[in-house]
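In order of appearance the chains are A, B, C, D and E, and numbering begins at 1 in each one.
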């Protein structure tokens, strides 16, 4: 579906992506994790055409899209839900969602309304505030809106940059479920960037760990979860972090993973 | 809990936006040196609560008292002067400055230079600048982004910008810092380091109130927690008390039993 | 570990201003044309106004389209104090600056509650009101006919009555102004001002009294403009309201931007570019198009402006900076130029 | 000091050209007035040079556009004096600019022949003449007095006065206030309109209520046309009088039929063919008109005429006195009498650096796209 | 009765002036909405429209053809303006963009002098211009044209921005161009579209005005400034509100002029404006801005 070869991207003089090779199959959910500043957002940005790579190639369904700008990539069905939500702040929630379907409004006008209903159903929280300007929503509500808007695009490849950011645990679960369902039922290909390795790998088919602009480890979720190298590279030395007891330190309630 | 210990007192605070009651008669006390968490589902009113405490939004009713100062009705800069600063959920770094200047601006209140002494660049100004710069560097080192000091702040990755905001808030020698989702965008290792930073600052006498959705952080860092839902306070207590309260678990955490791996 | 040295953030060396001043003040040794001096005097007037505006626009991010008002207030204060009441020009100058600052304060208090373009409009509107008052208060200002007979400046019996002397007078003021405002920019005050442009809420949250700082910047810029107006009045000895209309305000903003508002030096560069470009076109255009009149000049003027700003959106000064840094021996690596506005995406969200 | 330095430059008698500077507003708000002036000056200098120049020396004309801006005017003046070292300067299209320029001519002792009209240009506050400044157009007071004379003859004693809100209008307004009483005329309403007026009906509704016997609209072409059109639209059926500033063909275009019947004090130039043959100006007026219209393919305008007068007065002085600035000044002041120019017959004197009278103007009526001499 | 007719007269005048400002203000707002640029060259489009249509009519074209052609020509000028000046500088800061538009307006004026000279010109009224009497006040058919066109466009704008997808997409472009691009909206194309459309509308404003107040190369600046004012009074981001703002200003001006003094016109209307701004800092008809922290 999407094939990335030796991708190099720069921000000005800063060499951020240093040769990424990645292949994503149709209907697959791939998680990309990595520490702060490792280039995750840059990678998604490059795939979506926001940044142009200096070197390497991106091939989508046998078609080279390496140097196509966002404008040409979006209509092909590749959609990015960006970092920091980027909602249209002075536009109502409803119109925000509808604008998500902009690139296909001429082609299938009829289905848009149905999709809109579906998306609103997925986020009951948003249902109460459809006429409010998007910028007045709470952080998490904005995040839902951004995701919802991405879903409205009905893309073939959906990329999400830290979708769980700012969302309550309960909602994160829902979202992950929705993503999984999208893969399974609609055959959408999903690339998911997450800070939280566990949460991401839980839903993903496969995962890659990005460090300093390179993919250092990749494999199926199960493999990664149990790969000691990953544990070390990613969590630092003590992988027991999740076992940190409560501050009061009296009782070990924590045995179950929270997220 | 003795009264002298209470540093921040939130009393029946309410905020109404048109028809929406975002915060509904919320009250709680924060003790000196405490790390206090506010949790709750999205849209519960946590950020709005912070906005009222720091004066960004006027409250509809109720009041906030910090030490002996009534904060209600004061402007943010006045509240900062009293010793309360904050970070922002949606990141508000000064994008036209380098990282270190951001932090030096954070130290604004600790400085005395005025228009005329600055214009004439009296020796005391130079001295103060130097001191502030050292202080700013120290703050950056603390949160671990000193190596980025001379970069323009918008080029920092998201996570580092969060750290920058915390360093900036700390630079003003506040007594209380409010953190709105400090861990968002940090991975577990990074959050852990930040927790340590915060715990260390607490030892220096700082008090923290923070909002966070990352339960690991909340559970491991906070002394006490207030839980909000739909603008109302639905619970309060130590992490374990909260964690065992079925009402809270249902409203916020979800049923923990099924620990499904979806894939 | 990073070196903790202020020089890494602020280039505050006195070398720049000193070299510039020396070169400038030596100019009369080589040039004796009064015309050239007049040009430099004009540049000086504009540079002084732009200097204040750079602080306001470039650093506090507030667009004023009413700066000619203060320029006019200074000019008329001086004219009235010296021409009508026969007092010393210095009193006029100081009176003008105080009045300018006071008016800036009064106007600023309601105006700075407004944001962005509303502020631009409010200052524009205020400018038009004052401009109309200059015209209508005929007894005081002479109305549209103008104000005659403004005396020249004298200092302890030394008359600034020719271009050479005036050249020195004006540029002493300009350089003092430049150093003063550069010092401000490189200090707590400057950071506070810039933080307002960066993010008002955050600025407020770290304890910057935004209103207070905006007002200070506005008042200071008003004082600079007023001072410049006073100097103008004593130089041309005749003023009329047309000098202080909305177009003049717009041209001031133009100079600030073309010079580059990220540095105080930009104000001098901008003023010089504006005046020199006009003069050079006046010289060149008839050489190539002998039959052409003024229309060609303004056309080229407009086109050159646009082209310059397209290629150098941060104004001309950063180009000079690059040039200088080439000459300088590389003691320390020079900071990369600010990427102001270069990537609005990264700062996210709102774009208004 | 530097004054003597720059003044000495002009005395180089060995140079084989005579430098004259022309400073006009050929762009900006006053461009419609400045352009014909500049064109005329270029035309007659060329002609003079073709005819052998002055005492065998060619005239070199340097011209500047002051963009209708006072600062630009000052800069241009400075340049003309100190760089070009012009013997004399002709120009200053609008009064504001001329007023800003003249201190330079006084300081540097260079004859300045103004083509802008304010009386303050050639007269100091105390009524004495400025030493180095001469002014070719009629004073506003001449035009106003001519108008008042006319009104008195017609027996209109209650009038409405409207002027454009710039120095052209307010200057005349001051003159009007000064002289109206003398002619037994009273203004029942006095007001202003903007030079950029789009619709003057609001003011006119008030004028109408004041019930005047005649209406004076003092402005230049564009704004006057708008006001006149509005007067007709409101069906205010009163005599309308204009200023000498509307004596341009443009008024026919802009005001169309509304202009019919408007009467104004104007120079003889535009009604030259209707003048009686005994009129001393008739011949030169017709000649100028013919030459200008041939050269530029557009009708003459009164504003073009002033540089003509200035130039030929100067030529006489140059022929007699060479390029010595002081001598020229003295000659201009003392030896120009009964000079027949386009604007009128000039008699300059040390007391009067304009030398025209109200009779240099005639009342002209607009009739179906034509100028008609009234009287 | 006398007073009545005066008030009505003033109202007519105010509406006429207001409609002229409105036509330019709309273009102003559209450009602002789509590109975030405060286009101070907007008035020059009116100037081009007026002068081009006069030339076309003098060349023998019938009025309707001249109107259409000159609108088209000015739209092309607008498109060129967008491509050569706005587009390459789109990432610059707000003041830089403002100054670029000022630079363009200066250049446009220079071009206009080159082509048409400095003399003002005039256009015949669209239709027979016998004043219509109404309670002793007169209304000119040309004013009706002008007011009518402004109102027609008002409704068109309301429909376009609130009801059509493209209208919403246009708004999205300025609110967040980055996100707009991610949605497949092409801000560059929108910007080209918006600027040439506004240029066309500006041209129309100029054409409608010239029978009323004549046309000359320098008519643009003042019109542009007043339109700016109108747009801001309306709230800057909302085309219908800008039109309303323009009428408010026109009427205010005409009433001060008619009831008090013309000299005070600008003072009164600007003081009033400042007052409005101080009371309602976001403009008279602004919607919630959607900004919070």
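The rule is short, and it goes like this: a residue touches a chain if its C-beta (ideal position, glycine included) is under 8 Å from a C-beta of that chain, and two chains touch if they have at least 3 such contacts.
Since the model is a prediction, treat every value here as computed from it, not as a measurement.
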Separation of chain E from chain C in steps, with touching chains one step apart: 1
Centroid-based (C-alpha) most distant chain relative to chain E: B
Higher-contact pair (C-beta pairs counted), A-E versus A-B: A-B
Between chain A and chain D, centroid-to-centroid distance (C-alpha), Å: 76
Distance from the mean Cα position of chain D to that of chain C, given in whole angstrom: 36
Chain B and chain C: spacing of chain centres that average the CA atoms, whole Å: 40
Set of chain C residues in contact with two or more other chains: 135, 201, 293-295, 297-298, 336, 339-340, 343, 345, 348-350
Chain B: positions in contact with at least two other chains: 47, 56, 88-92, 155
For chain A, residues contacting two or more additional chains: 12, 50, 84, 86, 89, 135-136
Touch list for chain E against partner chain C, complex: 36, 38, 40, 84-85, 88-89, 91-96, 98-100, 102-111, 113-114, 174-178, 221, 225, 228-229, 232, 236, 263-264, 266-267, 270-271, 273-274, 277-278, 281-283, 291, 293
Residue numbers on chain E that touch chain D, as the complex places them: 2, 6, 9-10, 12-14, 16-17, 20, 109-110, 113, 117-122, 131, 138, 140, 209, 212-214, 216, 218-219, 222, 253-255, 257-259, 261-263, 265
Chain E-facing residues of chain A, complex: 48, 50, 70-71, 74-75, 79-80, 82, 86-91, 95, 98-100, 102-103, 105, 133-136, 149, 153
Chain C to chain E touching residues, read off their complex: 57, 63, 110-111, 113-118, 120-122, 124-126, 128-129, 132-133, 135-136, 201, 246-247, 250, 253-254, 256-258, 261, 293-306, 309-310, 313-315, 340-345, 348-352
Interface residues, chain D side, partner chain C - complex: 1-3, 5-6, 25-28, 31, 35, 38, 64-65, 67, 69-72, 74-76, 78-79, 81-83, 95-96, 99-100, 102-103, 118, 120, 125, 165-167, 169-171, 174
